[in-house]
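The data blocks that follow each hold one structure.
In what follows, subunit A forms one complex with subunit B and a second complex with subunit C.
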Partner chain A sequence: MNRWRVASYAIVVVFLLVVLVPIAAVVVNSLKVPSDIFTPSLKLVFTPTLDNYAKVLGDLEFSSFLVNSTLVALGSTALSLAVGVPAAYALARLPIRGRELWAGGILFTRMVPAVALVVPMYVIFQRASLLGTYFALIAAHTTFNLPIVIWMMRSFFEELPPDLEEAALVDGSGRFGAFWRVALPLTAPGLAATAVLCLLFSWNEFLFALVLSGRDTQTVPIGVASFIGTVSVDWGGSSAAAVLALIPVFVLGLAAQRFLVRGLTFGAVKG
Partner chain B sequence: MLTPSLVVLAILIILPLAYSLVLSLFSWKLTEINLPKPFVGLDNYTRLLHDPVVGRALVNTVIYVVGAIGVELVLGFVVAAALFEMTRGRKLANALILLPMIIAPVVTALLWRYLLDPQFGLVSQFSGAVGLPSGIGWFGSSGLALPALIVVDVWQWTPFVVLIMHAGMLAINEEQFEAARVDGAGHLRILRSIVIPAIVPQILLILLFRTMDTYRIFDTVFVLTKGGPGLSTETIGLYTYRTGFSYFDMGYAMALSVFILVTVLVISGIYIRLLRRREAL
Partner chain C sequence: MARRKRWSGWAVALVVTTALAGCNSGGDGGSGGSGDPNAAPATAGGPMGTFPDAKLVLSRWAGDPWTSGQKDAAAQWSTATGGKLEIDALPYENLHDKQALTLQGAGGYDILYVHPSWFGEFAKAGYLAPIDDKLADAKRNPADFSAASFLPNVLEQGKYDGKQYCLPDFVSTIVLAYRKDVFEKANLKPPTTLDEVATDAAALNGKDGMAGIALPGKRGGAVADVMGSLLTAQGNWWYGTDGRNTLDKAAAAKAVDFYVKAAKSAPSGVLNFHVDEASTAAAQGKSAMIISTTPSLQALEDPAKSSTAGKWGYVPLAFTADKPAGELIYWNWCIAAKSQNQDAAYSFLQWYTSGAQQAKVAVAAATAGATKDFYTNPDVAAKLPFLDAMNKALTTSNPQPSLASWPKAQDQIELAVQEAIQGKKSPEQAADVMYEAVSAALGG
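This part shows the complex of A and B:
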């Protein structure tokens, strides 16, 4: 092994430590009683406890946050896929006039910052008496998930060899048949990855949830944030809440690992 | 097949944006629901141009954007090049590296709130143990709060830079390296003359996405500092939120929203033009 290779391994290992230690620290905190957390020097040997988890899931309404987050993420993902996947196919395959212009326009919508949308949305939903409903949150999360679905699925459809669909067209299945029976099954892994990314983005979203949710529709990030602002900070409880928020994210994120970068860059980096 | 998407996007995005454009021309407080809303023309925009908080927020935002992206690019390149050099364990390293960027920003904020706690934080305990100055209240100090927020961004988003640059490096033709080695080029020379020029499109992509996202930074600032101490971490997104939902000054908040939108679009437009020229998007 030459010195470059040794140095490279050292750099990657140090970087991985920097990445992982903060995550490990919160997991450790979530298993500690307060007297083990609030010590002047780090306490590595302690008796682990699940009290914090019991408390978070029991008293603190956190389980309703988990349910709300799940409903909103599923709703927004379903809506984005139902509307966005056919659009992606159309942009990949159909002879649409000004196709690149439409695609560019859809890309533009991803660039609209949430903070620019949330103020008018608040007023519109307030007038329509929809503030605090699941519908409001699902609609808001669709603003970032739908463009992602269109661009990501378009990149998957474009990678398919067109011959198979042409065979279906010759059979008289029509364009929709070619899409539904041929192209869609072939892009199943891409479709799954796209769905996973939508769930992930919705699960993590904070600003729309902060402004548009009501007492009964608050999501997990709102629950986590409420721990940080308070004067007496419950480190054990909030760490347990953070870990509960992290578990589904890590499971989903690692499942979609191969396509994560593609999703985050709108299909520009195939990774 | 395209129409449903266009209708949904028009209702969910274009309509609210048009609405904010119109309402930004009125003076309008959310607390005075039944009072008339006088038309004030461009008053909200002239107020914006003379608002010292907007100026301060913009300066902070630019420091944050440039600081965070600068560190992420350099650090990301070093790690990506190191990863590229590895022959084993690359897959595992890739899987672990991506973890920070899928964590909710609010959860990231919570991690760092505890790591940087002056009394019981891991950073303080560690620096105390090795004899470095400890007990620093990062988020409570007007000089350190903004750098601390940059540290949080660097932790969360350097992995994104690493993975994109690494993907770019993997796409380089192996023959190029061999030819360079035959010519006797050393490691640094190869990095400078082959790797960096080859990943310029990836660097532009990183700049586009990171600039868009750091410019509108909200979650971590809101949770960690609320823009303080004083105005030391006020950002343009946070100020818009506060104007609308703490001061209920909706007309002005709409004008600020429009301002953020227009500036983001101008910046992104420049990057996209550069990317199109290199056929990277």
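This part shows the complex of A and C:
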């Protein structure tokens, strides 16, 4: 093993430690009673308890935050894909005047800071009597998911050889048929990767959720932040909530790992 | 044809929007409905009135045991009055912005937990409903409840332009806690002045692996609260009742000097300590003394969190012995001006801020009520070992500033203290910065 390989392993190990130690600390703290968390030195031997989970899921009804986040993330992802994938295909294949300008404009919307959008959105949803609804959150999250979908899927469509769709057109298919039956199935890994990213961005979003949600539509990030009080932080409760928030994302990441790798490297080795 | 298609597209969007809006959680606000605000309580000590159709939303910060206790109280109120009261609990750091956004819009909140630093802003903007008439109306209050039931100087803080808007609770202040066993072992007497505190902290610092004193050093309000107490202990305050800057730079420099000396005997990382980090350090035996807010000191006596429970003594802050003082810390319960349920909202405010209810809050959460009968309740005295020190401190107190412009000044004051602790500024330079910050907050 040469020294470059050793160095690369060392970098990976350090990176994993940096990433995994905080997660491990959260998991461990979620299983501790307060007296085991607040110790002068790190306490690794302790009697694990599920009290924090019982409190979070019982008294504090954290499951409602999980349900809300699931609905909003799925809704926003579905809406973003439904609108964004055809738009991406159009930008990749159709002779649209000023195509790059349109694409650049769409990307620009992703660059606008969320804090600049949140107040206008609040006013719009308030006047539409939609504040506190799932729709408000889904629509708000779609504003930052849609550009991602369009840009990612556009690059995937552009990597496909146009001959396949042209053959479909020659065989009598319309443009939509070529998109639906030929192009879309071939970009399925990219579609899956894009969907996973949309779900993750929506799942973790805080600002829009804080301002636009109602007491019955608050999402997981609001629920986790609520453990920080004026006087103290409920470390056990917040750790249990963080673990509960982590599980769906972790499972999703594992399930979609194959698609993620394929999708994110799709077309990267085109000759 | 194209136009019809476009319109049909809009129609589909409208249908989708309406359908998704059906996913609404029920929206905000609620109907006023029928009810009788003068109805006697169903049980002794229960809330006044019946409000069978009322649906109220209460906005407050999240965090236990307060939120859970609030939910229990809301359920009891609902059972007794027939109304429905829901809690919208948000992270403290985001509470002001969410309340302000909601209140300047169509509303949606009926009852608001308002911090002094933004009470003035909300009252001035017309977001809050005056309650003078309700508080003075004998029919809608229990026989033993009126404005006279409250500590006058605390109730006064809920007034703006001569009108009473809010009822207070969460009364607390800054006191010193010291380890009785450690002081005894070191042959030290409990400190009676802040100079003694600094000297004792230096003497005890590093002994048995413990720091001399823990105190908040992180910007976020607590540093300014301690500074306010240190100024009050010198008979000084940020500004006068006429709205003019009254800060004595020499007094401010003396307060900062104490802070710097204390910080030198504090656990490492004190600049990142909020009240809970300070109390956690003290509870785990890492510090011989602590200066902090009274609710945070509950952690010292909680065996589940503290390895030093039962070992603490409490004294008020004083630069001159027998002249204790402190900053009056409190929160306001207010009614939104746009609420359609103001009678029901008042019913909850009256009941929740009463001495009997606040005693229940105190037992669970170590915060104090603002009514006189709270302080004669033996259960409360047993639960709050710092109550005596707190009462002594509050005999000479100044309330937390409630200027709309105060949050910025507060941040500058806390930054000046931090820079003095870091040695970037002398206490005199920090005092100059504070004077300018207060002047700016006062509009000149």
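Observations on the model:
Just so we're on the same page, the second predicted complex is superposed on the first by the 237 of 271 C-alpha atoms of A that agree within 3 Å, B and C clash if a C-alpha of one lies under 4 Å from a C-alpha of the other, contacts with A are read in each partner's own complex, and residues count from 1 in each chain.
Criterion: a contact is a pair of C-beta atoms (placed from the backbone, for glycine too) under 8 Å apart; a residue touches a chain by one contact, two chains touch by 3 or more.
Note that the structure is a prediction, hence the values are computed from the model and not measured.
Ranked by how many residues of subunit A each touches, subunit B and subunit C are led by B. In the superposition on chain A, A:Val33 contacts subunit C only, with no contact to subunit B.
Of the two partner chains placed by the overlay, subunit B and subunit C both lie in contact with A:Val123.
Applying the stated contact rule after C-alpha superposition, one finds that A:Phe227 touches each of subunit B and subunit C.
Of the two partner chains, subunit C is the only one touched by A:Arg215; subunit B is not. When both complexes are overlaid on chain A, the residue A:Trp203 reaches subunit B alone and has no touch with subunit C. Once the two complexes are overlaid on the shared chain, A:Ala167 sits clear of subunit B and of subunit C alike. Within subunit A, the residues touched by subunit B in the first complex and by subunit C in the second are 38-40, 119, 122-123, 210-211, 225, 227-229. Those residues of subunit B lying in contact with subunit A across their complex are 1-2, 4-6, 8-9, 12-13, 15-17, 19-20, 23, 78-79, 81-83, 85-87, 93-107, 109-115, 119-120, 122, 125-126, 128-129, 155, 159-160, 162-164, 167-168, 187, 202, 205, 209, 212, 215-216, 218-219, 222-224, 237, 240-241, 244-245, 250, 253-254, 257-258, 260-261, 264-265, 268, 280-281. Listing the residues of subunit C that touch subunit A in their complex gives 17, 20-21, 23-28, 57, 61-64, 66-68, 86-94, 97-98, 101, 105-106, 108, 275-276, 279-280, 283-286, 293, 295-296, 299, 302-307. Within the complex formed with subunit B, the residues of subunit A that make contact are 4-5, 7-9, 11-12, 15-16, 18-23, 25-26, 29, 37-42, 79, 83-84, 86-87, 89-91, 94, 96, 102, 106, 108-109, 111-124, 139-140, 142-143, 146-147, 150, 176, 179, 200, 203-207, 210-211, 220-221, 224-225, 227-229, 235, 238-239, 242, 245-246, 249-250, 252-254, 257, 260-261, 264-266, 268-271.
If you check the complex, the residues on subunit A that touch subunit C are 33-35, 38-40, 59-60, 71, 75, 119, 122-123, 126, 128-135, 138, 210-211, 214-217, 222, 225-234, 237.
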